[in-house]
Amino acid sequence: MRDRRLLFEFAFRAVSNAVAMVVVGVTLFILGLVFVKGIGGISFAFLTSPPTGTMDGGGIGPMILGTAWLVILMSLMTVPLGAIIAVYLNEIATRNWLYNTVMSSVRTLAAVPSIVFGLFGLAFFVTVIGGGLDWLFGYEERVFQERCLLWAALTMGTLTLPTNVISVSEALKLVPDEQRHAGICLGYTRWEVVKWVVLPQAVGGILTGLVLSVSRGAGEVAPILFVGVAYFLPHFTGDVLDQFMELGYHIYVMATQSPNVDETLPIQYATTLVLLTLTFGFNSIGQVIRWMHRKKMSR
Amino acid sequence: MEIRERALQTFRFSVVYPNKVVGCKSVDIVFPKNEVTALIGPSGCGKSSFLKGLNRLNDEFGCTYTGSVVMADGTDVMTLDPYELCLLRGDRIGYVMQKPVPFSGKTIQQDVAMPLLASGVRDKRIIRERVQRALEKAALWDEVHDRLDALSTALSGGQQQRLCIARAIVNAPEILLLDEPCSALDPKSTQLVEQLMIELAAEHTIVLVTHNMQQAQRVAERTAFFYEGRLVEYDTTQNMFSNPKENLTADYIIGKFS
Amino acid sequence: MMIDDTVGRPAEYPADPEAAASTRDQIRWMARRRREQLAAVTILFLGGALAVVMVLSIFIFVAKESLPIFTNVDQRNEMSLYHDTENEEEFERDASIFQTLDNLLGQPIWQPVSDQSTFSLWPLMAGTFKITIVAVVEGTVLSFFTAIAIAFYLPRRMRYAVKVITELLAGIPSVVLGFLGLMFFATYFQDLFGYPYRLNAFLAGTVLSLTVIPIMTTLFEDIYSSYSRDQILAAKAVGMYDYQVIGRVIIPATYGKVFAAALLGFGRCFGETMIVLMCSGNAAVLDAHLTSGARSLAATIGAEMAEVIIGWTHYSVLFLLGLLLILFTFVINYLSQILIRKWTYA
């Protein structure tokens, strides 16, 4: 009897550890695979030059620029807004139905599939806002009501909003209540407590939110599939009302719609490596900042 | 017990927490000007709620009040709107918490100057001057004058508490509320802070909450005994400890309960 | 002395001109602080309100774009299965809402671009369900054992490493996973399992499970780590082995939370686009085989939305698919919230 239980115990332990090792192994394998297959294709020329022909040669310069622009514009929207919502939830709102509504809205926003944000971008930013702006300025042809970088960035900003709210909220929760009370005892208004006492201590959280949402925004493709990304546009114009090329979308296009998939495989792996480095790098930086901030606050 | 000049007075003052727990009930008390008054009593007796009610810090916990708290010039603290309350807390009532709370990430200079931010003092020279004066009064200047740009969290516990006192008096408030300021300190620091309170009483009216009867005897000229939210007895410290009028007070003083 | 009712300062200025000036300054300063406070609180409140407005407007605008197939008579005619495109002039165009419903829920064929477009939801729903089930089952099993290993079995240093590496997995963009699934794993899986189609629901589900493993592992691990140490020790004190503690004490006590976590993983999976788009083969077939191609709701939107003409029937139908995704999300989120609440306070 005892032997059977020992055997079970041993088997269970072995299975659990083995599965954990499989998960770890798969992760490392994926990272290693992309690195090994992609590193050969990386060069300065590849990173800066535009693609050539039917995208079977050349580099990924415009895609990197497009991704960078997208991410920057997105951060300009999502980081301040995320901080505002987080501060409202944690510092201003009393725990009533309004608080609950805002809170569950943020949660819902975090759970909505990313493709739906794309639909929202098309139906709201492009059609309603863009169309409205065209009407407002009296343009005959479509200027704003086009799929373009600006609307893609706003769509991506909506998508990454919950990430920011959660990061900043976490940082605000780490600020002890005594600090707020001490501020109040000095005669601060509620906003002054936020401005002079709480926010300076939550900078780490805002930074984490920024970096994590940049990582997320650079990696997501689904929401911008039909809100501004271009199949082939060899020169990045920098105009926010133009379409643009994006790294993730480029990988998708090359892998599924390229005329000679096998020949361009090295380019694809190299592009993947660049994207992975970007998103992964930012994600790791974000985790490190979060960790350091937590350590600093817990001291 | 005679009182020459009144600094703060409460009329039937009650604090009620949002969960209907009564903090203190119908307290009538007069704090004489430029004296130290100690509030003693067993823990949970309402002395701390009462003190937090005086500058309405209890607003933060959603408390409601009845009765009134009147300053020397007739201002009723309970009827002030939020902005007047900010002015009152900033300029006229200082508050020191139980645990020393230096603002994290601020230097000593910045930390002590925090109340001046709210009062709109922007002249660097005046700020330096007033910070120095406050630190001198708080007996901290000699220890920190050469490292005003060090982080305030890097100070020792006793120094942090004196920093908080300096911060509370930088705007020269009439009244200083101290909520068990020595409970987190070592005996040496406690002695320093007690000495400080006696010195500060020359310019400020001090209300001190303490669970330590010896401390009340050492520092306070008058003592009030709270029990279960009520003010049981209020007298000069000498009378209170040598000749208590109420049995409850006598029992507490000789340590029948705590 | 009177209190000035705006700033809590003496109403009469002091006689000394210097003091009067300073009083005036202070009044002005307080007025500024007050304006700042009001402005800040207003902005913060509007920000909070904007979050609510965003969620509502996502729902409203997606719904609005999908409505024409029910309300617009031209689109209803377009949806009508029985109209003959050869004699369009003769055909009496007045299709009802039932024609639309018949198209959506009738014969299970998804064929948006043809003379007679059919937009049946069944193959898409079946595809979504197949892929998601594979992903959730694999994800739950792998995460369960990984979490158990982290919480009970691995040595302390290893625990930390495994946790960090599983979190790294969450940082890999889905398009990268999809790319590797398509280019690398597809061929190896086919060689390994020998099924007919290279891209299929099983492959998509397996790759998809990689995206939920980090989330579910963290959730499970939280659940197991926060389980009372004393209870575990008590169980061990009566001579239970670890596997018995897990099987007889912890799992019975936490299966509700585990189920809620699995449900959250489900919510994460069914809306995922890129992996499904690249790995599932995108064949809109209605069958129960995991090894046949599949087409999910989200992937359909992703694949077809770029080519449709804004405002036409196909466009509206794709928005209807989006609306379905939103509704699923709401339902699953709501259910998991209820479950978590029920099992947390029960």
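The chains carry the letters A, B and C, assigned in the order they are written, with residues numbered from 1 in each.
To be clear about the criterion, a residue touches a chain if its C-beta (ideal position, glycine included) is under 8 Å from a C-beta of that chain, and two chains touch if they have at least 3 such contacts.
This structure is a prediction, so every number in the text was calculated from the model and none was measured.
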item	value
Taking each chain's C-alpha mean as its centre, the one farthest from subunit A	B
Comparison of A-C and A-B (more C-beta pairs in contact)	A-C
Subunit B-subunit C separation of Cα centroids, rounded to whole Å	52
Cα-centroid distance, subunit A relative to subunit B, in whole angstrom	49
Mean-CA-position distance for subunit C and subunit A (Å)	15
Residues of subunit C engaged with two or more neighbouring chains	33-34, 37
Shared interface positions of subunit A, touching two or more other chains	189, 192
Multi-partner residues of subunit B (each touching 2 or more other chains)	83, 86-88, 118-119
Touching residues (chain side subunit C, partner subunit B) in the complex	1, 3, 7-9, 25-26, 29-30, 32-34, 37
Footprint of subunit B on subunit A - complex, ascending	178-189, 192, 196-197, 200-201, 297
Subunit C - residues contacting subunit A, complex	33-34, 36-37, 40-41, 43-45, 47-52, 54-55, 57-58, 61-62, 64-65, 141-142, 145-146, 148-150, 152-154, 161-162, 165-180, 182-184, 210, 213, 217, 241-244, 246, 267-268, 270-274, 277-278, 298, 301-302, 305-306, 310, 318-319, 322, 325-326, 329-330, 332-333
Touch list for subunit A against partner subunit C, complex	5-6, 8-9, 12-13, 15-20, 22-24, 26-28, 30-31, 33-34, 81, 84-85, 87-89, 91-93, 98, 101-102, 105-109, 111-120, 122-124, 127-128, 158, 161, 165, 189-192, 194-195, 215, 218-222, 225-226, 248-249, 251-252, 255-256, 265, 268, 272, 275-276, 279-280, 283-284, 287
Subunit B - residues contacting subunit A, complex	55, 57, 60, 82-83, 86-91, 94-95, 97, 99, 101, 103-105, 114-115, 117-119, 164, 167-168
